[in-house]
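The following blocks contain the structures, represented as structure tokens.
In the two assemblies presented below, subunit A is common to both, partnered first by subunit B and then by subunit C.
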Partner chain A sequence: MTDEALALEIKKIIVESLALEDIAPEEIETAAPLFVEGLGLDSIDALELAMSLEEKYGVTVGDDPDENQKIFYSVESLAQFVTVQRS
Partner chain B sequence: MKSVAPASPASSNATWAQLAESGSLFAARLMRRVYRLLGRRLSSGLLWPIALYFSIVRGDGRVAQRRYLTRLRVVAPELDLPEPSFATCLRHTHEFSVNIFDRMVAWGGELDDIEFLHRGSEHLFSLAEQGKGAILLGSHLGSFDMMRLLAGRHGLAVNVLMYTRHAEQIGRFLAQLDPDHPVRVISLDPSSTRTAFEIRQCLGRGEFVGILGDRIWPGDTGRREWIPFLGHPAPFSLRPFLLAGLLGAPLLFSVCVRRDAATYEAIVEPLHSGGIVPRGERDAQARKWLEQYVARLEQGCRQTPYQWFNFYDTWHTHERGA
Partner chain C sequence: MQSRTDESPVAWDRHTAHAFGDFLRHVGGLARRLDGPAGARILLDTTSAYAFAVGMFAVARVGGEALVPPNRQPGTLRELRSLCDRVLRDRGAASAAPESAPAVALDPLAHSGEPWPAELDPERPVVQLFTSGTTGRAKEIPKAWCHLDEVVELERRIGVDLPDQTRIFATAPHQHLYGMLLRVLWPLATGRMFQAESLLRPEELLPRLADTPASVLVATPAHLRHLVARPELCDLRGRVLRVISSGGPLPPATAASVESALGVPPVEIFGSTETGGVASRSQPAGRPTPRWSPFGQVRVRRDPGSGRLRVSSPFVSVGADPSLVGTLEFEMGDRAEVDDEGRFALRGRADRVVKIGEKRLSLEDMESRLREHAFVDDCALVVVDRSAEPRVAAVVVLSAEGRTALADQERRGLVQALQSQLAAHWDRVLLPRVWRFVAALPTDERGKLPQQAVLALVLERPTQPIILGGRREGDHLERELRVPTDLAALEGHFPGAPVVPGVAQVGWALAAAEELAGGELQLAGVEALKFKEMLLPGGQVVLEVELDRPRARVRFRVLAEGRELSSGRLLLLDAS
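Entry: the complex of A and B
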């Protein structure tokens, strides 16, 4: 899967798993911050998203808060995380 | 899109109760010394002048206190509560002083001087035996800290969620006072993704996570529900309940109230026995649990009217009017 395709897939997961009604996956910017200042998502959203990614890609999101802060920064960082964990 | 929690400065509602909650090390050590010297009876007599002092000097919590007592009086005429006056507020403040005093005593390691009755504690022990963690829904009714100490004495690991600004301060204070039993704090930081992960981590280790459900933290406007409480809608956070549904964690209403001079009753009532709630039903289920929690809290206020120590604008009258 290309990086772009993976990014779009992750955007779809974000919109679906967080039930973001007013937003289309394509509207989410790949490099923009997702949480607080970006889409205004909170830590429950992050956890919910982590659980969806774990289910879909068989990855494991650890519990190191600082590490998670980096992983959940943007779609780009999430895609990177998924790619590294799957390789 | 979901509402964004603004990074707000410390709320102007920083009441004397918060100051008292964080406490002062000097006062705590002094109290402990007096307690050892004079014994419980005599030293608790000293709490009246202290309560009087707080009633006169710290006026900013009084508006909230009176509003609570007035609303309780209206919805619960059967209690025959007197109209809020200086005397009733003093009584309420005195009860709070006793609560703090007993906490200091307990922190000092004299938990044996306090007698505990149990109602429902077996739910906690049975979960602990199975190695299962749970979310303990506490409140400012009675003393959640007493609950934490008691659970700790029985070997249960209880982590407490606290707003960041208070967490460090309170953590440091407790560590100095009671170095053998450090309080395990999870800091609630609305501007970070970490809180929910930390809670998952604790639950994953089979530990308990205590959350006080009757206070919305300053600046946190996300995931609130307005639920009638003592006859008027008040905002409560859905977060603890959403987390329980998402993680499948058991949810227990937990309170520790004073029954007698030195007798406390620890009450634990299950709201959810555990199990993940499907995504589509999660919001509605969380709201149901929240309603049960608020109803249970109100029942507790009726049973021990002077032991709800939330000296804070619970109904957010600045948003909705009185």
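Entry: the complex of A and C
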């Protein structure tokens, strides 16, 4: 899967699993922050999203809160994380 | 309870353990820096529970009062800052400070000095907590040490039989009373160690619990729900000795999962900011849910008029007069039935205060903030249970200005404008996630707002497409639309192969023409209708509408990637 296709797939997971109303997957900027100032996701979304990503890709994050914050920063960082974990 | 020396650890933060002697020196050093007029109000903004403890005791030492922000939204911090003389902010809070947060702040851990002699005046208010009241705006709840003395009762209920080296882990925030009591004050008072960091993800928490021979987890139902989904939880049997849950009702299935993984049923605590901890219970799997059993020194009764639970104890602080200490009574927002032995069962909330992600929200308070926006004439909020966690939904009657904004901009811009009005004051988890814009709110025969009817509006499938953007020139409108996948018109059309019916597209064209006309239009007929290609749910299209006033007609086209999917003319009775 190309980076772009993976990024789009993650965007679809975000929109569907979090039931976002006013945005299509294609409209999420790959490099923009997902939480607070960017897409505006919150702490409940963070847990839901982690579960959806695990279901879909079988990936789990590590035990370092700072590192996890970096992984969940944007679609780009999530895609990178998924790629590295699956390779 | 173990005896404590200077070297006994009290907390650990990432890789650093803080010994009891360090703690006293941190408090002493900070108090020296803070020394000023007694009664000073100091904002205590922290992400580390250890920095919080140092700040709280140092403020008490100088005879001040620590204001504890209920959340870290810019509007909340700004409002509390205006009530304060100084700000204490630890490194974590400073690195995640909203832009509007004041810059001049002391780090509670940057000072070390003469050890604090650990003396306290039991009856003077030391912290100000904030809670969303049963009606209206956030209320200040002052707490003196005598109110927080409840840790002795908590120890009797949850602390017995725990080994000396037990460490306290928490997902509950230390800024709220439950977290403050259980994750900070209880370990401090009983010589146990607490984790200063908040570990919110199961992936962060589980390995640390696995490395700890004996621990207690102070959690919230939302986090426990995610935690029990982890198979590794079973490996912690015999290590995690007690799980405490508070902040909202714990679903019986989650309680059962905790028990089957760890071998002990979780202990639920019921309480509030005003009352402190009121009662506890455990739900052993396969047995009927037991009643709540009040803590020592706590008495409860059912108010015969309102049916609500009335709690009296020395830990109650109602906020009216902070000098009032002793046994006070407080009427809670929860309805209850109390048995002869003083145990009780809860029967739901009596007011419009809800809990989402363990955060208390007064729907009335949020509605009144929303009504302050120029786009809003009226609104009603309800809670919907769409995903794993309940969420707030907003039904809004737009003002003329709001209707213009919806026509000119896009729905998303309008929603964002309304959300940012609220985001200044509430945690993001409380912000409405579902928005419906309606012509009028439903009313019942008494002129009251029927919650069921509001909920129905929210759950109703949409009839209109989602407006993504567009432009208007005179009587010509071009609009980018997306077809919602749950569009009402897709119902039965057709099972397994949903297609947007032509009549729905005609309806959208008419609605757009009404916007151009600025009022209702009467449809006399349609002609030259062509449906060349199917319009599928989720599709993105451009709707072109032209209002021909002299000839009382509307021409419309639906396009996708330059191809025409459908077109036609609407004949009007009158379009002048």
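The rule is short, and it goes like this: the second predicted complex is superposed on the first by the 86 of 87 C-alpha atoms of A that agree within 3 Å, B and C clash if a C-alpha of one lies under 4 Å from a C-alpha of the other, contacts with A are read in each partner's own complex, and residues count from 1 in each chain.
Definition applied: a residue touches a chain if its C-beta (ideal position, glycine included) is under 8 Å from a C-beta of that chain, and two chains touch if they have at least 3 such contacts.
Predicted model only: the values in this text are computed from it and were never measured.
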**OP:** With the two complexes superposed on chain A, say which partner A:L39 touches: subunit B (first), subunit C (second), both, or neither.
**Re:** first
Subject >> Touching partner for A:L47 - first (subunit B), second (subunit C), both, neither >> reply: both
**OP:** Considering only touches as defined above, state whether A:D3 meets subunit B (first), subunit C (second), both or neither.
**Re:** neither
Original post:
Looking at the overlay, what does A:E55 touch: subunit B (first), subunit C (second), both, or neither?
Top reply: neither
Original post:
Can you list the residues of subunit A that meet both subunit B and subunit C?
Top reply: 19, 22-23, 36, 40-44, 46-48, 50-51, 61, 63, 65, 68
Original post:
Contact residues on subunit A for subunit C in the complex?
Top reply: 18-19, 21-24, 36, 40-44, 46-48, 50-51, 60-65, 68
Original post:
Residues of subunit B touching subunit A in their complex?
Top reply: 1-5, 190-198, 200-201, 204, 222-223, 239, 242-243, 246-247, 279
Original post:
If you look only at subunit A, which of its residues touch subunit B in the complex?
Top reply: 17, 19-20, 22-23, 35-37, 39-48, 50-51, 61, 63, 65-66, 68-69, 72
**OP:** Name, in rising order, each residue of subunit C that touches subunit A in their complex.
**Re:** 197, 199-201, 203-204, 206-208, 222-223, 226, 229, 356-357, 386-389, 411-412, 415, 419, 423, 427-429, 431, 433-435, 466, 468, 482, 540
